[in-house]
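What follows are several structures.
In the two complexes that follow, subunit A is the common piece, with subunit B as its partner first and subunit C second.
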Partner chain A sequence: MAEVADPSTDVIVLDHVAKRFADFVAVQDACFGIERGSFFSMLGPSGCGKTTTLRMIAGFESPTSGKIFLDGEDVSRTPAYRRNVNTVFQQYALFPHMSVFDNVAFGPRSRKVPKRDITQQVGEMLEIVRMNDFATRRPAQLSGGQQQRVALARALVNKPSALLLDEPLAALDLKLRQAMQLELKRIQRDTGVTFVFVTHDQQEALTMSDHIAVMSDGWVEQIGTPAEIYHRPATPFVAGFIGEANLLPGTVERADAGLAAVAVSGGTLSVPSDGGIGIGSKVLVMIRPERVQVGRNPPPEGFDGVPVLVHEVIFRGATVHVGITGNDGSTMVAHLSDGHSLNGLARGDNAWAAWPRADSYLVPTGMTSENSLVKEGPE
Partner chain B sequence: MSTGSQPPETALGRAGRWGLTAFAAAGFVYLFLPIAVIVVYSFNKPRGKFNIIWQEFTLDNWKSPFAPGPLTDAMVLSLKVAAISAVVATILGTLMALALVRYRFRGGVLIGLLLVLPITTPEIVMGSSLATLFISRGVQRGFVTILIAHVLFCTSFVALTVKARIRGFDWNLEDAAMDLGASPWRTFSRVTLPLITPGILAAGLLSFALSIDDFIITFFNSGSEETFPLRIFGASRTQISPQINVLSTVVLLGSITLMLVGVVFRRRTDGH
Partner chain C sequence: MTSRGGEDRSKRSAGIVPYGLLSPGILWLLLFFLVPLVTLGRTSLSVKASRFDPNDIRLTWELSNYTNAIGDYSEQFLRSFAYAGIATVACILIGYPIAYVIAFRGGRYRNVLLGLVVIPFFTSFLIRTLAWVNVLSDKGPVVSAIEYLQFSGLLESLGIMSDGRLLSTHTAVVGGLTYNFLPFMILPIYVSLEKIDLGLADAAKDLYNNGWQAFRKVVLPLSLPGLFAGSLLTFIPASGDFVNAKFLGGPRNTMIGSVIQDRFLVQGDLPTAAALSFMLMIIMTIGTLIYARMLGTDDLI
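Let's look at the complex of A and B:
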């Protein structure tokens, strides 16, 4: 996805949007477009600015600077009730004094849709979320998952240009959450509405999204497909936040065509590179744990590796997680597909960590600071 | 909740249980005896002008409870004052409470603290200082000054009551309503107001009750007008007529009815 917005395909465009509160900056210079009909996620730890960005799109906050376009129209100063977007709130915010039917009919009634159309539209919508048997219930009489469906129906019945979802699954337990992830995907496909989804759960974002914007400290760090973000993180933060990552700090010794030689603690690695890095510059080499093998012998042809010490072996069922320590004391993790591939190695043994050369990745370090060298993403 | 596995009750335990019941009963008697006396003595046929010694049962007092006379006039005045000041104070107090809870603004905390003053200030001080104000400004004391005084202390009560009731209000509901295309007015009338109405009604009833029985502040600011409490106090030196008991009982029945209506209304709107 291009960082530059394209008004012909993008339903929402943020143009240098920033939001400053009295004592901090919530969003810094956000500049991106959201493609019509796609499932778009804003992902980041709490306080990264994702919810504030969503609230600016909804119209609950106005940007301090910059512009927001909806369907090509500048809505930066348009109040929430005149914007054709609808929100599913974290705690659903269903009206407790109204029945399910009246909750869903609230939007059409506010827009003065004729009565018989309302009955039909609400009925259809309740059908889509499979709640038509509950039309006369009060929200308090519904389970969390059912309330979630009503909240979805209440928003979608207005046929919004985009549906905004603020951590809508956070209040559900794990099993229901996973079921609702698939359900949300289904509803998004069936309705064709653009979904803008805010979450702090990287697994959730990877599972559901067409595109993900990873945010940190108010900055948009990277926008891309789940695969792009996982395999080619644009910053050390993204590398650490999405999935688990082994990040080895090193110095560029040679930069040949397509390959850079990087000196790390324990040896020199050959890392694929598209050029443009100077000799002597400090870089990070990322290797995903599932690519790392642990063995007794130095890496064979086509592989790179460093000598390590096995300090932990954790059985996880389908995989075995091996904690290993490099000779500078840094820790790495290897996810092995089964216990046999450990070659009999146990805790306390000296070993080699090795990986196919093509699977190592040079993380650009241009815009981030030292404290972004996160080793593992949060679960 | 009994679980079926309770240890057998000891003699001491049984005595304790009886003691507790008796204590609770004594508490109830203490609370309700004076009220019972009012009701019972409305059926008394006193000898002389003071309805304070039980003589014999009669229904005569109840034949025309609102017979024309100074006591009925005083009652009507009190009801009028209570109704008007309850309505005015409920509107003002609710708006204040909404502003204080909903918005952060300069001086908001200070205003919240000052709200308590009209309630905590001794009534005698409030009453006399208000009177001083009216007299020094040359304001004729009467119906309007009584109203002003009552609205004053009732507004504080309403603001504090409503504030406490709406503290837990989910303001996301307002965002949700506007998100669904409701104008600010529609948001308030269809979502916010219906949800805080029970709190507002409770505050209104409280205002009414406070106003109808206020004596001290009214005494200083009534001029020649006489509310029900003032009339009873004024007449009590020469006469305590059974009509006082009858009217008091009517007021009592009225407030019990309102309370029951409130309970039924809550049951219905809560939906479970």
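Let's look at the complex of A and C:
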């Protein structure tokens, strides 16, 4: 689960970091590295420990056990003001009694940068976030998106080893949030600074990140590229949390080279497997809704499928969402690209759900009971 | 036509309503502020017309009332401002940390702590001051303790005690003022601190400031409006106060409030008393404006 950290390419390394508060454990044994110059996201539902992890990197909390390395140096006990990381806070935390210019100049002034350089650096940074026309304004005179840009400039002007962002887009409305996602990505590319981004929005994380750490209940469930996390989830939680997923509980019957036979209700499926899965172990077979086809005939060669009942057809414009029920009562969803591929099937018809074998994926369940795991990811 | 007429009427009534709402206040200010102010101004420029009836005065534009008052009582003026100033600074030094702790560390005990600040002040001002007479008296607990610990020599050389006494010294007067006006300092500071997002202090620390620097650059400037209000609520009544000087001070600790009270009520010298009051008011107004400019509170959101 934890990736091996490489100090030569990683700007931040967490070494068995845990954080316990009086009555609960916020972060359990986090062990990963963040590559220099990358866009790294920590993704998870609220209370999963992502913000606590970020605050430990920033220096606002100290780990109960384990070590945090920044630029190869152990900073676990270094106070926030001596760490070369800067934070963009959720509510921006701009100083209301200072102009935009003074807000951005706050860090350099505190570090006793010569006056001439400050004027130049602040000007350049306001240019990058496109706020140079607002230098004399007070934060209260700015819109949410503009405050966001000032908060970014105020942090980035210090040329931090890493920029920490704590759900910075949560306070913006949808349109602005989508624009700021692209804007953040542009600023990250332009400045080359490592971004460590905390969010509960999986779409946001998939859109922006080079790497994502998915967290749940204090544990890091999986770290990988957005594609890896989407297509090859390591745990049932990741499979359910990232995007929508059909998860069929089953038991491994046979494990041959590259292919495992899994008995599910409605038949036996052949699922790609890299081995290492024991016969008799409980697993989930994951098929993304956009891979599922619904037809009258049993699956052709190279496909797998189960007999189902069509119980709902929802027209969504570009796609049609079909709700289908397996013969054990479990529900699945298929996203079809247009209405014609339904082949005239309607609500109440018996049909076959089928998918290309290569598009199904085996998710080990570990200790978890199999019945509670059929769920759909958040929209 | 009808709609325009309706619009006109609503506009007209909207123009009148605010004045209607303001009128009780305006009337009140006219009756109880402007009229007395004019009367006081008149009195301060008059002479006594009768030796027996203090209310029998004649307006003669007597500016010498002011020059005489300054000549005779400049010492009491300066002493009042010095005492009130020291008491205000003491209130800030004692009150700010209290307000800070209640606002940021009070948690669920916040209201209890605020209650503790206010509850003693349910007793009358006079009673509390008289209680201090007992506390500080020559045979009282404080003086006895100082004598037992043999600190009196040290305290006398520091000018805190004189002739082995605490009562009838400037220490007692300034102490009494500080005690009496402390809540008026704590409460406004608390109100302005309570509104500050502590995330701002985190942001300052994130930008290379230690705890003290974060306080000085962010929390303190944002609490200046409260500090300003508290200072006014302390300094102004303290400078005009005569109760503390009368009960806790001696003849050498007379404040300008005592002089005014004495002139008005004991000697019946209304013109001089009025001139003194007027000057106190003018000095306060100018002082307040300078103070506001210095703190830059007019610049704060």
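For the reader, a short list of remarks on this structure follows.
Quick note on the criterion: the second predicted complex is superposed on the first by the 370 of 379 C-alpha atoms of A that agree within 3 Å, B and C clash if a C-alpha of one lies under 4 Å from a C-alpha of the other, contacts with A are read in each partner's own complex, and residues count from 1 in each chain.
The working rule: a contact is a pair of C-beta atoms (placed from the backbone, for glycine too) under 8 Å apart; a residue touches a chain by one contact, two chains touch by 3 or more.
Given the structure is predicted, the values throughout are model-derived calculations rather than measurements.
On the shared subunit subunit A, the superposed partners subunit B and subunit C overlap sterically. Using the contact criterion defined above for the overlaid structures, shared-chain residue A:60 touches subunit B and also reaches subunit C.
Taken together, the two complexes place residues 58-60, 79-82, 85-87, 89, 91, 93-97, 106-107, 110-111, 138, 140, 154-155, 158 of subunit A in contact with subunit B and also with subunit C.
Those residues of subunit A that touch subunit B in the complex are listed here as 58-60, 79-82, 85-87, 89, 91, 93-97, 106-107, 110-111, 138, 140-141, 154-155, 158. Every residue of subunit B that touches subunit A in the complex is listed here, in rising order: 170, 172-173, 175-184, 186-187, 190-191, 194-195, 269, 271-272.
On the side of subunit C, the complex with subunit A involves touching residues 197, 199-200, 202-210, 213, 217-218, 221-222, 300-301. The residues of subunit A lying in touch with subunit C in their complex are 58-60, 79-82, 85-87, 89, 91, 93-97, 106-107, 110-111, 138, 140, 154-155, 158.
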